[in-house]
Amino acid sequence: MSGSILGDIFKISTWGESHGKGLGVVVDGCPAGVEISEEDIQKDLDRRKPGQSPFTTPRKEGDKIEILSGVFQGRTTGAPISMIIFNKNQKSKDYSALKDVYRPAQSDYSYDLKYGFRDHRGSGRASGRETAARVAAGAIARKILAALNVKITAYTSSIGPIKADPKNYNEDYIMNNFLYMPDPVALEKAEEYLRNLIADNNSSGGTIECTVKNIPEGLGDPVFDKCEALLARAIMSIGAVKGVEFGRGFKAAEMTGYEHNDFYRYNEGEINKVTNNAGGTLGGITDGSDILLKAAVKPTPSIEKTQQAVNKSGENIDLSIHGRHDPVIVPRAVVVVEAMVALTLVDLLLKNMTSRIEYIKNVYKK
Amino acid sequence: MSGSILGDIFKISTWGESHGKGLGVVVDGCPAGVEISEEDIQKDLDRRKPGQSPFTTPRKEGDKIEILSGVFQGRTTGAPISMIIFNKNQKSKDYSALKDVYRPAQSDYSYDLKYGFRDHRGSGRASGRETAARVAAGAIARKILAALNVKITAYTSSIGPIKADPKNYNEDYIMNNFLYMPDPVALEKAEEYLRNLIADNNSSGGTIECTVKNIPEGLGDPVFDKCEALLARAIMSIGAVKGVEFGRGFKAAEMTGYEHNDFYRYNEGEINKVTNNAGGTLGGITDGSDILLKAAVKPTPSIEKTQQAVNKSGENIDLSIHGRHDPVIVPRAVVVVEAMVALTLVDLLLKNMTSRIEYIKNVYKK
Amino acid sequence: MSGSILGDIFKISTWGESHGKGLGVVVDGCPAGVEISEEDIQKDLDRRKPGQSPFTTPRKEGDKIEILSGVFQGRTTGAPISMIIFNKNQKSKDYSALKDVYRPAQSDYSYDLKYGFRDHRGSGRASGRETAARVAAGAIARKILAALNVKITAYTSSIGPIKADPKNYNEDYIMNNFLYMPDPVALEKAEEYLRNLIADNNSSGGTIECTVKNIPEGLGDPVFDKCEALLARAIMSIGAVKGVEFGRGFKAAEMTGYEHNDFYRYNEGEINKVTNNAGGTLGGITDGSDILLKAAVKPTPSIEKTQQAVNKSGENIDLSIHGRHDPVIVPRAVVVVEAMVALTLVDLLLKNMTSRIEYIKNVYKK
Amino acid sequence: MSGSILGDIFKISTWGESHGKGLGVVVDGCPAGVEISEEDIQKDLDRRKPGQSPFTTPRKEGDKIEILSGVFQGRTTGAPISMIIFNKNQKSKDYSALKDVYRPAQSDYSYDLKYGFRDHRGSGRASGRETAARVAAGAIARKILAALNVKITAYTSSIGPIKADPKNYNEDYIMNNFLYMPDPVALEKAEEYLRNLIADNNSSGGTIECTVKNIPEGLGDPVFDKCEALLARAIMSIGAVKGVEFGRGFKAAEMTGYEHNDFYRYNEGEINKVTNNAGGTLGGITDGSDILLKAAVKPTPSIEKTQQAVNKSGENIDLSIHGRHDPVIVPRAVVVVEAMVALTLVDLLLKNMTSRIEYIKNVYKK
C-alpha cells in the first residue's frame, strides 16, 4: 500500500532512496499565487546538510534542489510542484559487505519481512536522507505560514542525559551551534558527552522541542483529525522518533485537574489563558496560544562498537559497522521536525477554510 | 473538513453528540465472512460503562448496541456495517447554566473559535461519550485480529504519581479492579490518592500502557504510514491524551546506541531479538516482536474545585462545575486505547495484503 | 475495500440494505451554520417514493427521515450528520424462492463471485433503495448550493425510443407527471409505450438529462478531479446507469472543431460564449455557463417475462420473476441524478476554496 | 485542492507542464517484485509520439523515460517509483502571441477564472502532453495485469461520421495504421475525410472503443467504487473526452428488459452469459466477461480556421491559431485510454484483495 503520500488538501508525494539516482517530492494542492523560488527551498535544505559539524558525518551531500514544475514567473500556478535532488556522493561500496547482514535496530530485517527482499545499499527508502524531500516540501508550507506570521521554532532540548535549561533559553543561539541547542551551558556539556561517545564508537539519543507562535485559531477537526493527532503522526513518521508529547505531555499525567487546567481571564477585552499547560489546543482545535511539543529521538543505530547481529545464512556474527554515519541524529532532525509541523499545519489551515458557511459565501458572493 | 472518518481500507465513520439522540459508527471495508454479533460488541462496550466504580461517575449510560446493516446470518457481508447506540440518560439541564461559560481546559472556547457557535449541551461532539462508537467499531477489528491470535492488552500504568511496578504485573488482575491496574500494591495507593482528590473536588491524570502480542510481521508502510505513526495518530485522537511513546520512548533519548539497539541471535533457526527496546517495529514496520506503547492522559478538566474562568459577556468569573463527571479519565480510556490500536492494526493488516506481487498472484490464480 | 464513502471534503458514508433494519448516511465535513431540517430532506425523498404512479411499483415504502446528530437549533454544527430511514414495508418472503437463483442482469452472481456468499433478500446492498440515503445527503448539499442560487434540474429525456422534444420543453411540466418528462406530447407516447410493455411483462430503459445553472466559475481540479470526471463517477455509480455524456457528448465526436468550439464575444464588458457545446466546463473547470449532461439508464432487469437463467445447483432454468418491481427505473432515478450532481458540485465548491492564496489570506487576516 | 493524484492503493501522482522543464509521475503502492524496466515503459510511450503520421502534428517530442527510484535489480521494491521525461522540443515562442488571448474551447479562460492567472505557454498543465506521465504509470499497471493474462485493447471506432464496421474488425490491423482503426475500409474513408479537413484548416472528433479480456471476477466495490464508475472517472479525466458508455451504453436506453438482459446458461459446468450487453459488470462488479466501453472525443480545439475569440483587454478578435497542433486527437488518445483503464483495473484488483476474510487468513497463516 502507498505510504509516501501525506496530507488531505496540501498533499506531498515523496520518493527516492539514499543510493538511487535522486530523491524528490511532488506537492499537489498548493494554492496558486504563492511566491516561491529555489533559493527559498535551498535555505532550509542547507540546515540539514552534513559535513558542517564535528558531531555529524563528514560526508558532503551537496543537496541542490531543482523545481521542475508548478511555478511560473516566481509564483505557484496551482499545478503540482515537482522538486528533485540528484544524488551525487553516495558510495555504494560502503555497504556491499552488509548485503546479507541484518544490522540491529535498522530496517534491514523488517523490509525483508515485508517485501521478501530489499535494496541493501545504505538503508534504501528507510534512509534518513529521504527526509530531504520532506524539508523541500516543508519550505513551501512555511512560505504560506509565514504570510500569516506563523513562526515555527525547533531546537535540541537534550542530548543523552544533558538537558537544556529553559532559564538559559536564547533563541538566537540555536542557529549558531552545530547541535542546535538554545542553552550555551548545556551545549558545552553535550559536546563533551558526545566526544566521549565518539571515542567509544557509540552514539546518543536526544529530544527536540518545537514551538509554534501566532497559529490561527480553529485548526483541527474533531475527532480523528485533531491538531495534535495529525502532528503526532507527522512527527512519528520521522525515522528514529520514539515518542511525542504536547504541552505538559507525560508530566500532565502526574498533575491534578486544578494544577493542569489553564484558567481564563479577560485582558483588555480579549480572552487569555493564564497558563498554557495544554500546549495550544483544546478538544484538538488550536485556540491561538502557542503550540508546544517535544519529540524523543533514539540513538543512531549504526555504530562501530561491536554488536551481536546475524546474517541471512543462519549465522550469529559480531558486527562492527564501518563507514560514514552520524553519532547523533538529533541536530539533523530539528529542521525535519519543523518541516513536518509546517506541512501538518498548512494542511489544517486549508482544511479549516470550509468550517463555516460564512467563509464559503464570502468566496462565492457575486 | 471531515474529521470523523479514519482508515484507508477498514474505514470507520463515527457520529453523535453526548446529548443528541444517539451515537454510532459506520464501518466500511470490513471483509466479508467475519463472524460478528451484537453480543461481541456489547462485551467491549460494557467495559467502559460508568456507574460501576467509586472512581468513575455514577451516571448509568445503559449503552446498548444495535447492528442495523452489513451482517447477515451472523457474518459480515462486505457491505457497510452501521451500529447505533441510542442516548437514554443524558440530563440536558445539568449544563444549561454553562451555556455562556468557557470552562477551562475544555473545548467550549475552541469550538466557538472554529465554528462560530456550538452545541453547549455537555461537551457535544467533544464528549468522551463519543468514544463508545470507536469501541464498537474496534470490537469488529478485534474479531479479525483474534482470528490471527493477535492479543491486545492495555492497562493503567499510573495514576498521578503512583506507578504500577512491572515486577508485580499480574495480567488477570487488570480486569478485576475498577482502575484496571495490574499491580495490587500500586492499586491500593492509587485508590487512596484518588479518595483524597475527590474529597478536594479535584481530579487526576495517569498513563496507560498497551502491549500487542503475535502481531504479524511486515505491517506498516514507509514513510508516512509507519506503524507507530498511525498508532500515534489514533491514540492522540482520544480526548485527554497528551503524549504517546513506543518501546523505551522518552527513555531512549537518554540511552546510547549500544544500550538501545536490540541485538539479534538465531535461536533454533529463527531470528530473535535479545531485547525489545524498539517496541515492535523497525523502520516503521513490525518485526513480529511485541508492540509496546504508553499514552499520557491529562486530568479530568471538569472539577468542582473553584477555578478562574470567563463568560461570553466579557466577565471574569469563578467557576465550580457541579454535576456528573469523572475524577479520573484513565480507566475509561483503557478500552478505548485497545480499540484504537485494534482499528489501526487491522487497517495495516489489510494494507499489507498488496505488498508483494506473490500475494496478488495467489489470490487471482486460476 | 470500502466503496460506500464518497467525497474529499463533503464526505458521505452510506449504509443499509433493502431488507435490513434500515438505511442511512453519515455526512461528514458539512460546514457549520447551514440551516437544515427533516422537512427539507423529506421533500426530496418524497419525490422518489413509489406507489404514486402507474408506471412505478405499487409498494409503499413510507421513507421517513430522521436526523440523529450534527444539527442543533436548526443549523449544522460542523459535527457529522447522521440520518436514518427505518425499513417498514419490505416483504422478505417475496424473494425466498430466489435464494439459489441467479437472475439475469442483476448483481446476484457478481456478489457471489466477489464475497463468496450474499444477502439474497431483494438485492441487498445493490438494491435501488440504497439511493434513498444518497438523496437524503444530496438534500443537504442542495441547501448549500441554493444559498448560491445554483439550480439543478433533471428530467426524463427519453423512454425507450420515445424522445422528448426540446422545442416542447416546459420546466413546470416536469414535476407534474409521473414520468418527469418535460414534453407533454412525448409523455403521451411514452405512457402508451409503457402500457404495452407492462402488458408484455417487460420493461424499458431511458435517458435523463440534467442542467445546472448559476454554477460558480472555477470548480474542478486538473487533472483527475476534473468537474466532468467526478460528475461521471458519481452518476455512473447509480445502479442501472450505462453511460454519461457532457455538452454535445457523443455528437461532438462527429463534429468538426469549427462547429464544436464555443466562440467568445464580449457583451457589456462580460465574456460570453456564443454557444455552449462544451456543456459548462473547459479543461475540466467550470466557466460559469450551464452544465449539461445526459445519463443512459438500462431497462429494469426484474421482469415477469420468462427468461433463461440458472441456479446454483448446475441447472438451466426458465425464470419468471414475480413480485413487486418497476417496469421503468428512469423516473425514480431523476432525483437521484440531481442528488449525485449536488453532492459532487458541493464537494468541488469546497475544494476550490483553497485554489488561491488570496482566499486563504482573506479568511485568516486579523 | 490537489487533483493530480489518482488511486486508492496503486496511487499515481503526476506533474509537469507542456513547456516546463519536464513531466513525470510518482507511482506509490506498487507491490514489490514486479519486473519492470525503462524499455517496458518506453514501448507504450512511443505509441503516442507525434511526428509519425500525416494525421498528427509533425513536432518531434523525443519522450525518453527515466526511472529514478523504486526499482532495484529489475524489480519494484515497494518504494515509490519516480519516472521523468525531460522536455526537449517545446518552442515557447509559438505561444507568446497568445498570452492575452482566450482561445475558444481551451482552458485559457477557465484557468484564469480559477487561479487568477495562468502559465500561458502552450496549454500548461492542461496540455495533452501531460498524458505521457499517465501512459508511463499505466505501463507498470499493465505489467501487473499481464501477469494475470488481462488484455486491454483500445482502437479508434470512428473519425467524424466515419464508423469502423465490427464485421471488418481485424485486431492486428490496429497497430499498423496511423489512425489505429481496425477496419481497412473505414480507414480509407477516414483518411480522405481528414485530408479534406486539414485543407480546410479544421479538425475532427471521434470515438475510441476499448475491450478488456480475462479480467478477474469480483472487481469493483459497491456503491461508489463500482468498476464502471471508476473507469468513467478515469477516462473522463482525459482532456477532450466528452462522454463514456459501457456495454450497449446509450443504446440500452432504447431497449426492453427482455432484449437487454444477458441470459445465463451452464456450459460444461461453468456459468456463461448468452450475450454481453452489460459489458462486463453487474451491480458494479466484474463477472469475468469482457469489459466493453466507448469514449467520445471532441475535435481538436486549436485550428487555423478563423474563429471568434476575445482578448483580456475587452476586445472581440478574429483568431487564427498558427503553430503546431493535431487535426485529430483520437489516435493519440487510444494508448491513453488503455493506460487509464489499466490504472483503474489494477487499483480495483488490489482493493479486491481484502474482500473476504479467507484471503486475509491465507496470507497471514503461519
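Per-chain numbering from 1; labels A, B, C and D assigned in written order.
Here is the rule we use: a contact is a pair of C-beta atoms (placed from the backbone, for glycine too) under 8 Å apart; a residue touches a chain by one contact, two chains touch by 3 or more.
Treat the numbers as computed from the prediction; the structure is a model and nothing was measured.
Listed by label, the chains that touch chain B and also chain C are A, D.
Farthest from chain A in terms of Cα centroid separation is C. Interface comparison, A-D versus C-D: the higher number of contacting C-beta pairs is recorded for C-D.
Rounded to a whole number, the gap between the C-alpha centres of chain B and chain D is 45 angstrom.
Per-chain CA centroids place chain C at a distance of 26 Å from chain D.
Mean C-alpha position of chain A lies 38 Å from that of chain D.
The set of chain C residues touching two or more other chains comprises 1-5, 8-9, 14, 29, 32-33, 78-79, 114-116, 125, 222, 351-352, 354-356, 358. Contacts from chain D toward chain A in the complex involve residues 1-5, 7, 9-11, 13-17, 20-24, 26, 28-29, 32-33, 66, 68-70, 72, 75, 77-82, 84, 114-119, 124-125. Listing the residues of chain C that touch chain A in their complex gives 8-9, 29, 31-34, 76, 78-79, 144, 147-148, 216, 222, 349-364. Residues of chain B touching chain A in their complex: 1-6, 8-9, 14, 102, 104-107, 109-111, 113-116, 123, 125-126, 130, 158, 160-161, 197, 202-207, 217-226, 228-230, 232-234, 236-237, 239, 242-250, 252-266, 269, 271, 274, 277-279, 281-288, 296-303, 305, 307-310, 314-316, 351-352, 354-356, 358.
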